[in-house]
Structure formats: C-alpha cells, structure tokens
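Questions regarding the structure given below will be posed in turn.
To keep things simple, chains are lettered A, B, C and D as they appear, and every chain counts its residues starting from 1.
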Amino acid sequence: MIVTGGTIDKVHDPASEGLAFSPDGATHLPEMLRIGRCHFPVVEKLMLKDSLYFDDADRAAIAEAVRAAPEPAIVLTHGTGTMGQTARHLAATLPDTDKCVVLTGAMRPFSLYASDGEFNLGGAVLAAQILAPGIWGVMNGRVFPADRLDKNVDQGRFDL
Amino acid sequence: MIVTGGTIDKVHDPASEGLAFSPDGATHLPEMLRIGRCHFPVVEKLMLKDSLYFDDADRAAIAEAVRAAPEPAIVLTHGTGTMGQTARHLAATLPDTDKCVVLTGAMRPFSLYASDGEFNLGGAVLAAQILAPGIWGVMNGRVFPADRLDKNVDQGRFDL
Amino acid sequence: MIVTGGTIDKVHDPASEGLAFSPDGATHLPEMLRIGRCHFPVVEKLMLKDSLYFDDADRAAIAEAVRAAPEPAIVLTHGTGTMGQTARHLAATLPDTDKCVVLTGAMRPFSLYASDGEFNLGGAVLAAQILAPGIWGVMNGRVFPADRLDKNVDQGRFDL
Amino acid sequence: MIVTGGTIDKVHDPASEGLAFSPDGATHLPEMLRIGRCHFPVVEKLMLKDSLYFDDADRAAIAEAVRAAPEPAIVLTHGTGTMGQTARHLAATLPDTDKCVVLTGAMRPFSLYASDGEFNLGGAVLAAQILAPGIWGVMNGRVFPADRLDKNVDQGRFDL
C-alpha cells in the first residue's frame, strides 16, 4: 500500500476551519487497516499531498514507487481531484506492468465520522488481489479502468 | 444485497448492556451504503437474526432468496458465527449457480465506532462484481472460497 | 436554547473541502441533545451564521431573542470567533436581566468525530440552571463571565 | 476526577458480543477530557468495576479516596446501576465534607459512537466547580441531590 495523501488522510484544522494534513505528517492508513481487521498490507508513506497540487515530479515518484514495490498487488491512496490523471499517467508509464495497481481514496476524510474511506479501502484491498495486472481505480463500490476513472463532482462520488 | 442479520446490524442495548437488533427491526445496510457513497445496490431484508441461532429453515430461506434474486451479483450480510456453514450449505444447494454470491459481515457492529463493517462491505460489493460465479466470503481484506470460510476466534478476524 | 450557528453546527463540504452549514439549513442541536439523553430543552433556531460575520443587526436580533424567551435559563450556541463580543454586547444591552444566559459552541464541529461540542453543551445546560442571572460563557470545562470570555487561539480552546 | 468504572468506560468485547472493560485496564477519561479540550482535571483511576457488583469495601474505598483527594471539586465516574446508592453512602459517610463531589457516568459507553458520556462529563466538570459542597449527581442535563439520584430504567436516562 503506497500512501500519497489526498482527502482520505486529511484532518480538521481548527485554526483555518478547513482540512489539512496532520502537522506530524502521519497517515491514517495503518489505523484504517486495524479497524478493518486487515493485518497483511505493508504501508509505505511516499508523500502526503493534495493531488490538485501534484506535478510531473510527483507522478514520476509514484510510478517509480510502484515499479520498485516487491508486491504483485498494490493499493495506492490518492486525492480524488486528479486520481484519474495519475492512473492514466501510470498506465502510460508502466504499460506492461505485471502488478495489479488499484488507486483509491475518499470524498470525505477518514478522520471525520461517516467517511467513505473504509468502504473504498476495503474494496481496493480486495480488488488488488483479484483483478488482472494493470492500473485500476476503486471508489464507491465500482471498479474503473484507468481511462474511465473520474470524479463526478455533481454527485459527490465516482460513478460510471 | 440480502440482509440476514448478524453482528454488523446489531446495536447497543442499554437495558441489557449487550448487543441486540434494533427494536424497530431496521437494518443499517442502506446507511452503510450511503456512507460509502455507493448508490446502486438493491437491499432486501430477509431476516435479522444472530447466525448462531440459524436452523435448517433459515438456511433454506436464504438459498431460496439467492435463487429468486434477479441480480447476477449478490452480497449476503450474515453473522460471523456460522457464516462458513451457510456458505457451504449454499454451495451444496446451488452447485451450478450462475450468480456470484459473497457473504460478509462484521466482528464489531457498524453502529459502534470503529467497526470493520464498512471495510468488509466495500470489499464484498467489489468482489461480487468481479469474482467468478459461486459462493464466496469476503472478510477483513481476504476472499475465501466457501470451504475455507471460518472465523479465527483467537485473532478476532477472518484469516487464511 | 437559542441556535445562532458557529463551528458546532458546521459540516464537511466535499465540494470546497472546507466547513459550511448544511444546505438544508438544519441545526444539529436536537440530535446532540438526544445523544446526551437530555429531553427538556426547547430549541429555537434563530440563524445559522459564522460569528466572524456577525454585524450589529445580528447581535440586536440575539438580544431580542434572549429578551423574548419565556425560559429563565438560556443556552445560546455561538461561533467561537466572536463569542466574547456577543457576550459583552448582551451584558451591556441586558444589564438587569433576570435570566441566566450561557453562551457555548465548539472548536470542532459536532458532525466530525471527536468534537468538543457535546462536552461543552453538557456543561452549558448544567450551568444555565445553577449560575446566577447574567451573561456567561461555558467552554472546555470552564465558566467565564462575559468580560473574560475569549478564545485562546494558540491552545485551540477557551481557558482562563 | 476519580474513576471507578461503569458503562462510561466499557468497550465492545467481540468474543462475548457484550460490554466489558479493556483487557489492559485502561480508562477512557483522559481521552474524553482531551476531546472536550479540558486540560486541568487530574485523573485518578481507583478501580474499573461494574457498579452492580460494588460491595461495602468498594464504597468504603471510594469514600476514602474522596476524603484523601486534595482538590475541593471532585468528579466521580460511576456505573449507573447503583450510582444513587453510592451517592447516599457518601452523603452518610461524609456529612460535613467541604468538597463538592459530583457523580456521573453514561447510559452508553464512550467507546461506542453517540454516547451520552461527553455530555454528562461536561456537565459534571462544570457542576463540581459551581455547586455547593456536598454529594451530587449530574446526568443527562440535570443536577440531582444524593437522595434523588436514580436511573429511570424505562426512559433510559436519569430524570427528575
């Protein structure tokens, strides 16, 4: 599991009354897996960024982390804003990968009650083990190939 | 999605200080799907029972509900106590089903904070769409064929 | 109980990734009281505003609502940004009130897990019943007279 | 703040599907105070017991802890089952105490979502600072003198 940030990992910041990453740079993914009683994924925090601010160097770093990971099944947590772009970048950069890479994230932070993060993460962990090699997205109960992975802003979810 | 009860649907009962189903007979599955921002499953409440008390008639009713459902992908929520038995009963009763049936549930009720229910449900919804026809279990990040679906009581989770 | 808005009543807005009031204009106070199993307060929603944007007309409306309320004990939910200013405005406008008016709110919205809202509300409801008539604030376990009610921005709480 | 156990401190026990205290003997009160952003109480864990099983020795130990505490304002967390009995025992044992002792607890454990624990604790912390010396109970928005502190089992709350 490779962590890149995104809403799933944000927390409420009382000072700005908005969302931000934890000042201590921590990711919530280990706690989310613990709650899901799912003990086997290895979590690697690559960065903690809002995907709206991802640049070419960030996407190159993600592709390199995917390439370097020893596991055949990879869940990549990612902001929803440019999840589709990163998926297509990975599909273009790693066209013959023999790994199953599943991007996921959340519309609402895990740290807030009633987040879709656990539901999405549970789906992504499953999908990474049973889908064919390639680049996929799993959000809100659906599997998306990289070229069809895009947020439906009006509905506040990813949908076909 | 066919609801049969189990821990995932239990609530805290202040009178007994234990867990019970809601006095109004309601299931939490629609709310769980709403939190997961997953709008497409059709939820059918078949019963709300603790699976430790399932008898042959209950399992026959579950098999009939699976047979009668028009959808090719079915998530069946079920207590963890005898989830494996029901899966094996379904596998024996419906050996040639062309449906993908995924049993899931939770070790900790959804109505309590930090339940594994959302994680499991997200996995089950995904798995029902991509696994081959047959009877499966999805719990705690793993897919189990019916004959290997059993709770690890010591670890408090389902595991290989 | 008179509701004026503030952080206590805000929700996560997925579109802006910030905090806002519910699009349907609802207040969370009735649900908060239900969770506290506190059935006797009458809740009146006067407005739902961020107190940083309160103007003279808003404060006049609050003073009038306090004056018009038939109850001798009033809890006034309010944003933390200018809670002290409103308290001092009420103390100046209603110097001889025979009501006990307690301002309260939250540093973190009730709709997010781990809010201080329930703790503060529980304190305010108690204080309104046992303090002397006048204008008070109750936040984070402390009672403040109107002239000493101010947020400690550095510590993220109200304190002496 | 003296901790004696009770529902407020119980957690879900997946093995029994009921409520129990944490196997590590921890109390949730420090976390509850942190969520309430209330930093000044000193927490002393005296015991972690269900008050239905309190005996004379337990109540003598509580009275002694109250007597020995250096603070003038004491919040005592206690199970709801015999909260009134302990309050009356303390009132009889410490008739001339110059301390303000407030018993509180919860109908629903803090560790479960939507507990009344934070609301009750916020009220108790306030009341202990402003009520007269003596033995009081604070639950669900009300102050009760020791001789009128009793759970309303039908309504699932403490009430007048």
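Please note the rule applied: contacts are C-beta pairs under 8 Å (C-beta built on N, C-alpha and C of every residue); 3 or more make two chains touch, one makes a residue touch a chain.
As the structure is a prediction and not an experimental result, all values here were calculated from the model.
Participant: Which chains are shared contacts of chain C and chain D?
Facilitator: none
Participant: Any idea if chain A and chain B meet via the same residues, over half in common, or different ones?
Facilitator: same
Participant: Per the centroid of Cα atoms for each chain, what is the distance between chain B and chain D, given in Å?
Facilitator: Distance between chain centres, rounded to whole Å: 38 Å.
Participant: How many angstrom lie between the CA centroids of chain A and chain D, rounded to a whole number?
Facilitator: The computed centroid separation for chain A versus chain D comes out at 43 Å.
Participant: Roughly how far is chain A from chain B, centre to centre by C-alpha average, rounded to an integer in Å?
Facilitator: So the centre of chain A lies 26 Å away from the centre of chain B.
Participant: Where does chain A touch two or more other chains at once, residue-wise?
Facilitator: In chain A, 107, 113, 156 touch at least two other chains.
Participant: Contact residues on chain D for chain C in the complex?
Facilitator: Against chain C, the touching part of chain D is residues 32-33, 35-41, 107, 113-116, 118-127, 129-131, 138, 140-143, 156-157, 159.
Participant: Which part of chain B faces chain D closely enough to touch in the complex?
Facilitator: 7, 10, 12, 14-15, 17-19, 107-109, 111-113, 153, 156
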